[in-house]
Structures are given as structure tokens and as C-alpha cells.
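Heads up, the next two complexes both have chain A, just with different partners, chain B and then chain C.
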Partner chain A sequence: MLDLHNLRLAENGVPHLDSITASFAPGTLTTILGRTGAGKTSLLRAIAGLAIPDAGEIRLDGADWRRLPPWKRPIAMVTQQFINYPHLPVLDNVAFPLVRRGEKWPAARDAARAMLDKVGLAAMVDRRPSQLSGGQQQRVAIARALVKKAPVLLLDEPFVNLDYKLREGLREELVEMLRTETGTTVLYASTEPREALQLGDRIMLMAEGRLLDAGDPRAIFERPATLEAAQVVNAPPINIVPLEIDTVARMGPFGTQELGALGRDLAPGRYRLGLRAGDIAPGGPHRARVILTEVSGSETVTHLDLAGLPLVMHEKSVVAHAPGSEIGISARLDRGFVFAANGALISQGASHG
Partner chain B sequence: MTDLTQSAALSRSEPEAVPALRPGLIAKYVFILLWSAFVVFPFLWALTTSFKDANGVTNGATWLPWIQYRPSTQGWSSLFGGAGGTDITRPYLNSIAVTLGASVISITLGTLAAYGLSRFTFRFGWMRNADITFFFISQRIMPPIVLAIPFFLMLQALGLLDTLAGLILVYVALLMPIAVWVMVDFFNSIPRGLDEMAWMDGCDPVTTFVRVILPNALPGLVVAGMFCVIFGWNDFFFAFTLTFTKTQLLPVAIVALNSSVTPWWALSASALISIAPLVLLAFLVERFLSKGGLAGAVR
Partner chain C sequence: MYRQKYLFLLPGLIALTAIILFPLIFTIRVSFSGWDVYNPGLSWAGVKNYVRLFEDTRYWSALSRLSLLAISTVLIQYVLGFALALMVWKDVHARRFFRVLFLVPMMTTPVIMSVIWRTIFHESLGPLNPLLDAIVLGGQPWLSSPGWAFAAVMIVEIWQWTPFMFLLLLAGLLSLPSEPYLAAKIDGAGPVRTFFSVTFPGLAAISVGALLIRLIEASKILDTVYVLTSGGPGEATETASYYIYIRGLRDFQIGYSAALSITYLVIMIVALTIIAKLMVRFLVKGQS
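Here is the complex of A and B:
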């Protein structure tokens, strides 16, 4: 069990890790989800010993790691950059950690060959990293991390610098390989909520060095504890609509609305309504101006301006809304999340998922 | 589809078009030719002169042995104790010992210092890493004459005047800044991520340096080594001021060849023999100087 207790790390007064306490069970894959600058890399570097925390504890199976240098920690790591040893052929690159650990060359070579076979590089063993494509270089780095069979595997956005298709393919391969690595605690840092939902047994949300929430990915997606957590776990980003309740519910440019079950128990006051991009659809009474249309694969994300309120609409088809044009939209307000002024979730609509 | 494939195959089989001789290209080749002649000509001159005697030298520019002038080995034999010359074997070996000794020590110490300056943060008073690096190289900025008297007095105090050890010590002080300067820059170009990955793979800092960083710094080591050898081998000033008669280095011995009648034949032969090791070294290390050694480290 990998335990972090009250981990703090700051650089030039800027907190990178702010009182992080978490436990990671052996054999689980935890996705650390957060935007750039959330502290994901700092957390992994602290666990690896590459960054020295200002306070707090890191323990593996009870053993204190505070004074353990990185080279003595039983850890494997893959970073965003495809780091390999340029002076060594692919086979020697992968066998390197085994040889350093004291294994005899024939055994290390055989293990490295087997791992390279797993990552589909059996034919490239004699090449230098510079002779490989980006995807192949990252496969070498992954093979070198996996061949060690370390109890803790840290993956810091390993596929972020690859193109979309390669990223999807490699991620699936990695998940497949990790299934056979029973007992390994895997921490996978990501900025993509979709990746986190696909990958992890567990998800950990981070923002500005703080741990926002942790638990089952789908449960957090369906019921984010705070507005901040909802913002991290949703992509495209969740829309935030001002909500004021007295005798009726007023929702900024959406006007007076009937909230039904969602607003039944809400006391009069000011709230914020979180509305997923998929709950806004074209065709409806509200006229919004198109700011930008992004087509990704077979999906379209449209950024809109509804009387000064920025909105994002997600359609599962390719649609070309001309920037500057006005379109009618409708919103499934009854499916929203109601957050209190302090950001805590207090009510949510039915049938999310 | 078939037609397209065939036409593609046909176009592949055609020879590549020869680029037209544009005026710019012609000018480039003319310049290269002139520059090559400018570089090679002195060597050719020295080579022919080294096989001439006094008559051959004073008879003007002649190039073809046996036809234009009578070849003589007088110049070469005078370098090895022959008539009208002196034996440069001892100074030659002295120069090799001092240059190699000082270069090896300078590269070893300089590389370690440079790695430290590249990877760790130092504070010495107001000085930071960049200032310390500049402090090293600033030793080479001041004119050598400034250092001559202090070096002389120090070697005298240590009883190392006119000794190989004394010269090696002085040359280390002169060459190490060059090694530090070249290697700091080179180590800075090696991503720190490589060190960290080596740590993750179980290497302590010393093993990381020896097994991972140093092999990738080979081109830098070669460049630094070349600089050290060239500066060490060619130095005349300190070889002259810090020695008397017992320990003589090659540059001093060559100057000593000169007398009331300049022996151009012997000077030419000595010039050729003194640059030979550097030329040989340049050919040997040329392949290490190719770019791209670090390609594939971090993408």
C-alpha cells in the first residue's frame, strides 16, 4: 500500500502540493486527473523522489521514503517526454534497469526481448532510439518501465505528445499489459476526463495542488462533490449558469424556469447551476451567437454567447455552425447540478451518465 | 490505377536530373577551390622546402624534385642530430608527455567540475553558477605575461622550475578552464530528464555520470580534448619562460634551430613534424564530432 500523508510542496511560495493525503492499494490503477498546473506531475515527482516535499510522509507498505533517494525507490516512471538512453540500442535500453539491479546480462537480455515483443518492437532491438518514431520511442520507455516489475508505476501523461490515433491505440495496449501486472500500484496522470473514465479503477481529482475528490470514476463523474470537481471531470467544460431562487427560479439569460425536482428543496438564495455541454442542444427558443466551432472526430463542440453568458454545446455529429451566426438553442436545465455559493453540490437532476 | 502505377514506376526509373550550373553554384565552387589552395599551399611549400638544401631554397619557387631542384634530406636529418642541426627527439617526447599529461588531467577535472556546475546550484558570495563558469574562463582572458611571473615564483618555490611536472601543473591551470567552459555548455545541452531517468533505473549520481551522461557527452569530450591538446602543444610562451636547459619542449627547440643563417629546410621539416600529431588526431576524432549524438534522448 502506497500512503501519502499531508504532503506539501511549494516553489517560490507557489504551492504545488497542498496537504495531499491519499492511499493507493496494490494492483489498482488510479488516474490523477487535473488541468495543467494542478500538481499532478509534482505529486508523481515527489513519490519518485525527484522533488523533495516540504512536509508530509510517503510510505510504501509502512516503509518511510522521506530519506530514500530516487535510485533506491522501487519505482518505474514514464514521462511526457520520450526519455531513452541515446547511446544504447533499444534492447540495451530496456535491459538497462535490470543490469543496474545486478541481473546477469543473458537474463536481462531475455527479459528485455520478451518485453519488447509485448510492446511490438521485437524487430527494432538493434536500433538506436533516434532511429524510431515518436510512438516507438515511447514504447521503448514503457517497456523499460514495465520490465522492472516495480511495485509502483508512475505514468505522467505518457501519451500526451502523440497524435490522437496513436494515443488511443497505445493506451489500450498499456491497459492490456497492466492487467497482467498484478500487484502493481499504477498512478496515471492525465488532463483528459475521458481517458480517466476509460482507464482507472479509481480517480483522483486535483486542482492548484489540492486533492478535490477521489473515488470511483463514474460515481465522481455522475456526482461531483464540488463545482471545481465538476469542472475538472467534464470535457468539454461544464457550463455555469447563475441561478437565483425566490418565489421562482431565475437563470440569467435563460429567464424564469421551472426546475421541477431539481429545485424542490432549495431555499431562496443565489446558486450556480452546472450544465453539461451535452445538455445544451441546437433548436430552441434561446438565441445564442456562435463564437467558435471545433470538430473532433465525429463530434462538434460549439462555443456560444447567450446574452453575455459563455456556453459550450456538445453535439455527437459533425455540424458546421458559422462563427458570428445566431442559432436557437435549448437547455435541459432539469439535468443540471446545483452548487451552493461555496461550490458544494446540493442538488442534481436525474438520469446522468 | 494500372496506368498510374506504371507511370509512377517509369518516373522512378528515370535518372535524377543533374542540377543546372547556376552562377551562384559556380561562384561557390570557385571560392571553395581558392580557399582549399590557400589552405593547402603552405603545406606544399613546407614539404618541398624541407627536401631542399641552401641552393634549392635560394633558387626561387620550384616544385618538381629531380627536375627543378635536387632533393636533399639535410633538413630532416638535421632534426635528429645531423649536421647543422639539433636532435629534437627529446623535446618532441617532452612535448607529448606535457601535452597529454596536462590534457588528461584537465579533461578529467574539468569534466567533473563542469558536470557539477551544470547540474547543481552553487553559491559563493555573490557568485552563482554562471559567474563561477565565467571565473574559470576569465583565467584565459588575461594576457599570459600577467601569469608568467607568479607561475615562475610558484614553480621556483616548489622546486619544479625546468621540470616536466612543473610544466604539466602550469598547463593544467591553463587548459582546465577550456575544458570546463566547453563541457558546461555540453552538459547543459543534455536534458536533466536523462539523469532522472537513470536514477529511476537504479543509478546513483556517480553511476549516472559514468554510465549515462559521459557516453552521451563524448563529442563534447573530444572537442574539449582537441582544444586542450592544441593549446598545450602549441604553447611557446610558458614553455620558454619556465624552462632553462634541462627540460625543453618542441616549440622552443624549433625556435632554437634558427641561427645567423635561417635553415629554411630544417624549419620546414620541423614545422611539418610538429603539426603531424595534431593532423593525425584530427583525422582520428573526426567521426566523434558529427552532430546528432543526443538525438533520441528526449523528444
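Here is the complex of A and C:
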């Protein structure tokens, strides 16, 4: 069991890790989800020993790692950059950690060859990393991490610098390989909620160095505990609509609305309504100005301005809304999340998922 | 077609011929002459000079002495230069000051520094022996004993040219990517193993270049020997280049010294080519 207790790390007064306490069971894959600067990399670097925490404890099966240098920690790590040894051929790149662990070169090379076969690089063993494509270089790095069979495997956005198709393919391959690695504690840092939902047995949300929430990925996606967690777990980002309840519900530019079950138990006061981008659709009574349209694969994300309120609309088709044009939109307000002034979730609409 | 392209090559060809080929061919011609103080001119002497040099044990001794001096001083310069570069590579206090300080010897004039070193090594008037006496090591006959005189030449050479190694290796260290160091830490390599598995291989190519440049330079050593020991005591510090200088410009045996020079040049080209190939094979290609 990998235990983190009250882990704190700051650089130049900026907190990178703020009192992180968490446990990771052997054989589980935890996705650490957060935006850029959330502290994911700092957390992995602290576990690896590459960054020294200001306070707190890191323990593996009770053994204190505070004074253990990185090269003595039983970990493997894959980073965003394609990190390999430029002067070594691919085979020796993968064999190197085994040799460092005390194995002889021939045995280490045999194990490395078998692992390279698994990642589809059997034909490239004699090449240097610089002679490989980006995806192949990252496969070498993954093979080097997996061949160690370390009890803790740290994956810091390993596919972020690859193109979409390659990323999808490699991610599936990695998950397939990790299935056979029983007993390994895997921590996978990601900025993509979709990736987190696909991959992890468990999800851990982070923002500004803090741990926001942890648990089952589906449950957190369906019921984010706070507005901050909802912002992290949704991509495109969740829309925030001001909500004021007295005798009726007033929702900023959406005007007076009937909230139905969502607003039934809400006391009069000010709230914030979280609305997923997929719950806003083209065609409807509200006129919004198109700011920007992003097409990704077969999906379209449109950034809108509704009377000064920024909104994001997600359509599962390729649509070209001209920037500057006005379009009518509608919102499934009954599917929203109501957050209190302090950000806590107090009510949510039906049938999410 | 496009025959005029050769016209554009002509200026370079003329310069090459004038600067390199003509002196070389002229020296080869002189080496087959009996030109000396009594018979100036290019009188044909056949291979007489070459036959003579093969029997000249003083020349071959000077050549082997030069080889020993060049290889040992360059290797020590490399080790020291590497150590100094590693010292000021990372964030150490006042590293800019030390980086400049370590370069000072290279900026000085070799002849002048040799004069200063001769004063330092002076057995009765120099400051070195009293210093050695004070720290119980005892003064040494620096310039009058064959072994110590050879050591003195080595010390001056090492002192003067270690900064060159330092400069090249520091530039190499500063250009090394940081990622392999991260990988090495994760893969279980401590600082010493990281040096041998990441730093040293990363600098292999630049090391070969630096060693070759210094070997070429060191094989021409003349000024330090001339000022410091004049090849003595006896012939203890006489190098091939200094011996050629004696035969040519002191004894005025121009034909013979030209033959010595040509032989010396051929030996150096062959030796340095072999050394370069071996270094590339073992340091650059054979890192795995």
C-alpha cells in the first residue's frame, strides 16, 4: 500500500502540493485528474523522489521514503517528454534499469527484448531513440518502465505529446499491458476527464495543489462534490449560470425558469447552476453570439456569449458556426447541478450520464 | 556543360597551393638535398638524409619522449579539465568567477609563462623549493635532474592547457540534455553510475575532438622545452620538434632537418589517425 500523509510542497511561496493525504492499494490504477498546474506532476515527482516535499510522509508498505534517494525507490516512471538514453540502442535502453538492479546484461537484454516485442518494437532493437518516431520513442520509455516490474508505476501524462489517434491506440495497449501487471500500484496523471473515466479503477481530482475528491470515476462524474470538482471532471468545462431564488428562479440571461425537481428544496438565496456543455443545444429561444468553434474528431465545441455570460456548447457532430454570427440555443436546465455559494453541491438534476 | 564551374574553384586552389602544398613540396625537395652551412642550395643528395635519420638514435629517443610527454600530459589535462568542468557545471557558489579563473592560464603567452615557471622551479632562488621544504616534502632539483626536468615540462604543459579541456568539456556539459539524468535517477542509477552511463557517453564525441586537438598541439611542443630546459639536462627533455629545431636552425643542417620533419609529419599523421579511429570506436561507437 502506498500512503501519502499530509504531503506539502511549495516553490517560491506557491503551493504545489497542499496537505495531500491519500492511499493507493496494490493492483489499482488511480487516475489523478486536474488541469495544468493542479499539482499532478509535483505529486508524482514527490513520490519518485525527484522533488523533496516540505512536509509530510510517503510510505510504501509502511517503509518511510523521506530519506530514500530516487534511485533507491522501487518505482518506474513515464513522463510527458519522450525520455530515453540517446547514446544507447533501443534494446539497451530497456535493459538498463534491470542492469542497475543487478541483473547481467545478457539476461537483462532477453527481458528487454520480450518487453519490446510486447510494445511492438521487436524490429527496432538496434536503433537509437533518435531514429524512431515520437510514438515509438514513448513506447521505448513505456517498455523501460514496465520491464522493471516495480511495485509503483507513475505515468505523468505519457501520451499528451502524441497525436490523437496514436494517443488512443497507445492508451488501449497500455491498459491491456497493465492488466497483466497484478500487484502494481499505478498512478496515471491526466488532464482529460474522458481518459480518467476510461482508465481508472479510481479517480483523484486535484486543483491548485489540493486534493478535491477521490473515489469511483463514474460516481464522481455523476455527482461532483463541489463546483471546483465539477469543473475538473468535465471537458469541455462545465458552464456556470448565476441562479437566484426567491418566489421564482432567475437565471441570468436565461431569465425566469421553472426548475422543477432540481429547485424544489432550495431555500431563497443566490446559487450557481452548473450546466454541462452537452446540455446546451442549438435551436431555441435564447440568442447567443458565436465566439469560436473548435472541431475535434467528429465533435464540435462552440464558445458562445449569451448577453455577457460565457457558455460552451458541445455537439456530437461537425458543425461550422461562423464566429460573430448569432444562433438560437436552448438549455436543459433540469439536468444542471446547483452549487451553494461556498461551492458545495446541494442539488442535481435527473438522468445524468 | 558548366565547365566554367572550375573557374570558380581556381582562387581557392591557388590559395591552397600557395599556403599548404608549395611549402610541403618544397620541404620534401629540400629533404633530398645536402643543404647545410657549407653547401647552401638544393644540391641533390638522394635518400642520404633518410638513411642517416634511421640510424639517428637521438631522433628516435626524442620522438618516443615526445609521445610519452604528449600522451601523458593530454590525458592528465583531460582528467583535470573534466573534474574542473564538473565542479562548476551545476549551481555552485561563485561559479562564474571560477569559470573565468580556470581559463586564465590558457590566455597567457606560453613563452612568457615558461620564463615565469623557470623562475618558480629555480632550485635556489625560486619560491617552489622553500614551499616544499616548509611542508616537509623537501625541495627537488627541478631543472637539473632528468626525471624532475621532464616532470617540470609536464607540469607547465598541464597547467597551461588544462583550461582548454575545461572549456570544451564545460561547453559539452552545458549542452547535455537533462532528460537522460531524470531517466537515470528513476532507473536506479546513483551519481557515480550516472556519470559513467550518461555524462561520459554524452561527452564522448566532444572528448574525442578535444583529445585529438590537444594531441596534435602537444606533439608540436617546442616553446616550453626551449625556455624551460633547452632540452636538458643532457637530452632528458629533448622532444622531436626541439631536436629538429636544433638540427635545422642551430646546426644549419637544412636538408637533414627537412628529412626529419617529413618523417615526423608522416609518423604523426599515421599515429593520430590510428588514435582517432580507436577513440571513435571505443568512446563514441562502443558505448553500449
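We adopt the following convention: the second predicted complex is superposed on the first by the 353 of 353 C-alpha atoms of A that agree within 3 Å, B and C clash if a C-alpha of one lies under 4 Å from a C-alpha of the other, contacts with A are read in each partner's own complex, and residues count from 1 in each chain.
We take it that contacts are C-beta pairs under 8 Å (C-beta built on N, C-alpha and C of every residue); 3 or more make two chains touch, one makes a residue touch a chain.
Quantities reported herein were computed from a predicted structural model and do not represent experimental measurements.
Student: Consider chain A as the common anchor and indicate whether chain B and chain C clash or fit when overlaid.
Tutor: clash
Student: Tell me which partner A:71 touches in the superposition: chain B (first), chain C (second), both or neither.
Tutor: The answer is both, since A:71 touches chain B and chain C.
Student: State whether A:89 touches chain B only (first), chain C only (second), both chains, or neither.
Tutor: After superposition on chain A, A:89 lies in contact with chain C alone.
Student: Answer with first, second, both or neither: which of chain B and chain C does A:79 touch in the superposed model?
Tutor: It touches chain B and chain C both.
Student: Have a look at where A:100 lands relative to chain B and chain C in the superposition and call it first, second, both or neither.
Tutor: Touch status of A:100: both partners.
Student: Taking the superposition on A as described, I'd like to know which of chain B and chain C A:137 touches: first, second, both or neither.
Tutor: First partner only.
Student: Is A:24 in contact with chain B, with chain C, with both, or with neither (first, second, both, neither)?
Tutor: Neither chain B nor chain C is touched by A:24.
Student: So in the superposed three-chain picture, is A:161 touching just chain B, just chain C, both, or none of them (first/second/both/neither)?
Tutor: first
Student: Taking the two structures together, which residues of chain A meet both chain B and chain C?
Tutor: 48-50, 69-71, 75-77, 79, 81, 83-87, 96-97, 100-101, 144, 148
Student: Report the residues of chain A in contact with chain C in the complex, numbered from low to high.
Tutor: Spelled out, the residues of chain A in touch with chain C are 48-50, 69-72, 75-77, 79, 81, 83-89, 92, 96-97, 100-101, 141, 144, 148.
Student: What part of chain A is in contact with chain B in the complex they form?
Tutor: 48-50, 69-71, 75-77, 79, 81-87, 96-97, 100-101, 128-132, 134, 137, 144, 148, 161
Student: Which of the residues in chain C come into contact with chain A in the complex?
Tutor: Going through chain C, the ones touching chain A are 177, 179-180, 182-190, 193, 197-198, 201-202, 204, 287-288.
Student: Help me check something: in the complex, which residues belonging to chain B touch chain A?
Tutor: 191, 193-194, 196-204, 207, 211-212, 215-216, 218, 292-299
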